[in-house]
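The same subunit A turns up in both complexes below, where it pairs with subunit B and then with subunit C.
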Partner chain A sequence: MIDFARVQKELQECSKDIEKSGIKVTPKSDSSLSRLIGTIPGPVGTPYEGGIFQIDISLPDGYPFEPPKMQFTTKVWHPNISSQSGAICLDVLKDQWSPALTLKTALLSVQALLSAPQPDDPQDAVVAQQYLKHYQTFVGTARYWTESFAKSSSLGVEEKVQKLVEMGFPEASVRSTLESVGGDENLALEKLCSG
Partner chain B sequence: MQNQEGLPADGEVESSFSNSDFGEWDTFPDDDIMNQKSLIQSDEADKIPFVGNKEPLSSLATEYQSGSTILLEKIKVLSEQYAAIRRTRGDGNCFYRSFMFSYLEHILMSQDRVEVERIKANVEQCRKTLQSLGYAEFTFEDFFGLFLDQLESVLQGTETSVSHDELLSRSRDQSISDYVVMFFRFVTSGEIRKRSEFFEPFILGLSNGTVEQFCKLSVEPMGEESDHVHITALSDALGVPIRVVYLDRSSCDTGGVSVNHHDFRPTVAGDKPIASSSSGTASPFITLLYRPGHYDILYQK
Partner chain C sequence: MGDCTNSDDDSVYHDYDSGDDEDQYVELQRLEYDTFISKDPVITVITKESLLAAQREDLSNVMEVLSLKEHHARTLLIHYCWDVDKLLAILVEKGKDELYRKAGVTSVEHDNPASSKLSSMVSCNVCIEEVPAANVTTMDCGHYFCNDCWTEHFIVKINEGQSRRITCMEYQCDAICDEEKVRTLVNARDPNLAEKFDRFLLESYIEDSRKVKWCPSVPHCGNAIRIEDDVVCEVQCTCGVQFCFNCLSETHSPCPCFMWALWVKKCQDDSETLNYISFHTKHCPKCHKLVEKNGGCNLVNCICGQPFCWLCGEATGRTHTYAFIEGHSCGRFKEETKEKNERAKKDLFRHIHYHNRYKAHMDSLKLEMKLQTSLEGKILALEERDSTNREFDWLTKGLFRLSRSRKILAYSYAFAFYMFGEENFNRNLSAEEKLIKLNLFENQQQQLEANVEVLSSFLEEPFDTYPSHKLMLVKIKILDLSRTVDNICKKLYECIENDLLSSLLKASGIASYKSTGVNKALELAC
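What follows is the complex of A and B.
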């Protein structure tokens, strides 16, 4: 049986310092507290900076003795997060979970994971390989994904693609170039022009 | 990889990985591993409850019938002093679970209200320790509350009083038992962090990490086993002496077989008084039997 009184307290506590932490937890629906949505801002100084990432949270019956299940719903390019499913590889969500932790501290750990990838213990082997072998490409891709999927306000990637295609560049190379420069339209144009 | 022909099993594993280039991991999600872990735990649960029934010490000897003669000798020595054993489940929480039952049972039998008042003061102290260490109140208050409820309930003469049978069944009820275990984990972690300078050298020897990491990884998660450090911290924090009797294969040079024990005696920190057994003797009223990796409860004759 989930300890809902505790979940309630956690939600209250978390909403108190939203300004400071930027971390939000809200119930998915009014009827139940077992499904929640967490939101974390991408850490400053990382390819995730400026992005807002959504995480699907579901509480198992044994919560808080069992860890909350967390999964990114925002697509993210990171060695410890599946680029397909959003599954997160993080010790505190598994055997290092303790009832002394909370949804907020768990989300803080996820946020810290964005700052400090552990490619030696990957969730997504493709991303991890890229991180280890072609670090700059990794940074570019991660930034591009942040631009494309974690930013709702900025100009959408599709619009950038369309703009560049209209200038006469082939779509495939527009996409790969945009990706390689992390979604920056001007850099992509420069690169496309220089051949 | 350097798999030899002689190791076909390893070779098979290796080839299945290289075929799909890590793709296997996608079909082997963490959920499955977690599920398997809980399956193992429920298998274990079928064998022995969190806290077992009291058994005569002879049942321990039966267990080693075809085993080490040193152990059988030692059990014989034990049986001169101890009458019975109560086993606990080997789920990594056995030290806390043994302590819980042993302590509450002692209060139930002795009705020692002075001791109850004493430990309550210590519990309050522990609460303050956690607050000052920056723990959010709501993360630990339920666990503290539940322990204090159990403490009240073993004192007889009120509406909420429980019998010995009821204490046993509560200790077997996960929704109570695990909360009390977690209460002890909070108390232990708080004490270690509060006196991190004292505990640091011991922890460095065990884990190579910082005191904080040790608490996060080896004290606060359920199922993490307890060592000297944990027992010292819990005994100090609550002011309750604990005797641990060691049943292992170590033999004695002098020829005669004896059984080692160690008394964890709370260091008198500040003005905190220490629990004494009702008979006034110096020996701790909680005695645990340690076999490598596991704690059970022992009963003196």
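What follows is the complex of A and C.
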């Protein structure tokens, strides 16, 4: 059984210094504490700076004696994070987990992983290759992904419409598509391209 | 036929006229057996009951040298796979601290925060609760948490199969938890699991140590075998099973382990059958059934009615002349297929040759097991006839020598198949060198074979009906042959160990030859 009393305390503890750490953990629904969403800001001085990254957290029955399962829901370009699934390759979430760690410390470790990639132990081989061989391209891609996926409202609606129209889509369908996907320009672009 | 041993120049015993000589001879042989037994390495059988006692020596050794508590000594030994020599080598080379750190042993005394404020409340960093200090356990590393959290942690680790290395709960603390504390806490929640934990700890001695292995008997006898020196040896468990300690399969010397594994696989799987099929049959081009040609010309008719050319397997018309099949021509020579077929054929015949001989000796061995009962009957009859002569040790020893050499002979064929085959286990031996070695080996093998057959025939003679002087002759023959066969076996092993195995690419050893047979494991003296 999950120690929910502890999870409750962890959440309280975490919300206390949210201003300082920027790390947020909230339950997915009000009914259960076993599925949570964590949010971490991209570390300053990295291609992830300015982005807000969401992480899906699921607690196993043995928590905190077994590590929590964490996965990025925001797309990230990083050697140790799958660009497809968001799976994280981090020792603290596997054999180095200790019951004395918390969700917040685990998220801090994930944040630290963003600043210090370990390309020799990659989760995403394509990204790791790029990191090792064409570092500048890697930085560019990572920044572009941060801009595209980790910044929710970087552009106003009119700017998005303009951007998409410039790409050659008719204005009417751009507006309706944007509306249907809730204003996400990337989803809209995908939808426009496919259909 | 019967003279072949007397012509052997190695034999020192030509003159058996005097009975005194005969007695001396027997005496000499017994002495030889005795010295063999005393030279045997100590092989111990470890039962469920003696498992703890078996570890005791290593444990107390380490406890004494390092003046440690038992659970620390066990942690060290588990980490270093019960290799006391290696442990001591690390102690000398790198010092105590490094030795302990790697194994997760902390023996520094810490202030116990739980006991120092016994009356107060202490905060547990795992459940983040305030708990009475009495409900808190501190490990040797100084980290303390509440008993409930420890217990949960232990249960998760034991169920994960990590009983042997349960580390402290603190992040990045590699200290191994005190087994006594683990046992007490888990026992309070789940006695069965505590028992399991104990068993895992004890069995580490068998699973982790290079010198101890489970007996491979099926169904399992529950025993483990411990050896003292070389792992390449053959042993017999007290349950009667004989096995190769190195690879845990049946005894197979003088065939090295890797060759034996290949041989068993080759004999078991269908690779030879497939080989046969690919060489002797072809698929019908229409119904794709396999067709074997049972005679006649190269125009073959499948049972489905489709005619095809046996040479190339292509469908053809029905009519043909001596030189021509209607609607077909496959005169073009295909070097590759021909070579492949030749090779398959050669391999197959080689394997059949060696396997037949291997099997013949194995079959004889089975038959000679029955000889035991008939020999016992003959001994009884002889004892009744002449109550003064009760010395028939030479018969049972002769039979033992026979079955022992039979086995060796059989395995020597498995060895020869790979040693001199196309598989290229050899280190760039030229064809000439290979031939010399082959001759050397086969010469000894044939000598052994001839003598074994003679020994077998003598043991089957109806000597219980012989008059005493003729019986004496049989006795001398059997004694002499036993000795000769023993010597040839020894030489065959020497030849394999010194001249043949050294030219293999893969370093491999064989259990050395023992006249007395496979080493029997002894009960541990507690």
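The criterion applied here is as follows: the second predicted complex is superposed on the first by the 155 of 195 C-alpha atoms of A that agree within 3 Å, B and C clash if a C-alpha of one lies under 4 Å from a C-alpha of the other, contacts with A are read in each partner's own complex, and residues count from 1 in each chain.
The rule we apply is simple: contacts are C-beta pairs under 8 Å (C-beta built on N, C-alpha and C of every residue); 3 or more make two chains touch, one makes a residue touch a chain.
What you see is a predicted model; the values in this text were computed from it and never measured.
Placing subunit B and subunit C on a common subunit A by superposition gives a clash between them. Of the two partner chains placed by superposition, A:193 touches none, neither subunit B nor subunit C.
By the document's definition of touching, neither partner reaches A:172: not subunit B, not subunit C. In the overlay built on the shared chain, the residue A:100 is in contact with subunit B and with subunit C.
For subunit A, the partner that touches more of its residues is B, with subunit B and subunit C as the two candidates. Of the two partner chains placed by superposition, subunit B and subunit C are both touched by A:10. Residue contacts after overlaying the shared chain place A:116 against neither subunit B nor subunit C.
In the superposition on chain A, A:44 makes contact with neither subunit B nor subunit C. Of the two partner chains placed by superposition, only subunit B is touched by A:125; subunit C is not. When both complexes are aligned on chain A, the segment of subunit C among 134-142, 260-268 or 350-358 whose C-alpha atoms clash with subunit B is 134-142. Put simply, subunit A uses residues 3, 5-6, 9-10, 13, 65, 96, 98-101 to touch subunit B in one complex and subunit C in the other. Per the touch definition, subunit A reaches subunit C in the complex via residues 3, 5-6, 9-10, 13, 62, 64-66, 96, 98-101, 105.
Within the complex, the subunit A residues that touch subunit B are 1, 3, 5-6, 9-10, 13, 65, 69, 82, 84, 87, 89, 94-102, 125. Contact residues of subunit B toward subunit A in the complex are 21-22, 25-26, 29-31, 34, 135-136, 138-140, 142-143, 175, 178, 182, 185-186, 189, 216-217, 220-222. Of all residues in subunit C, those touching subunit A in their complex are 125-129, 145, 149, 152-153, 155-156, 169-173.
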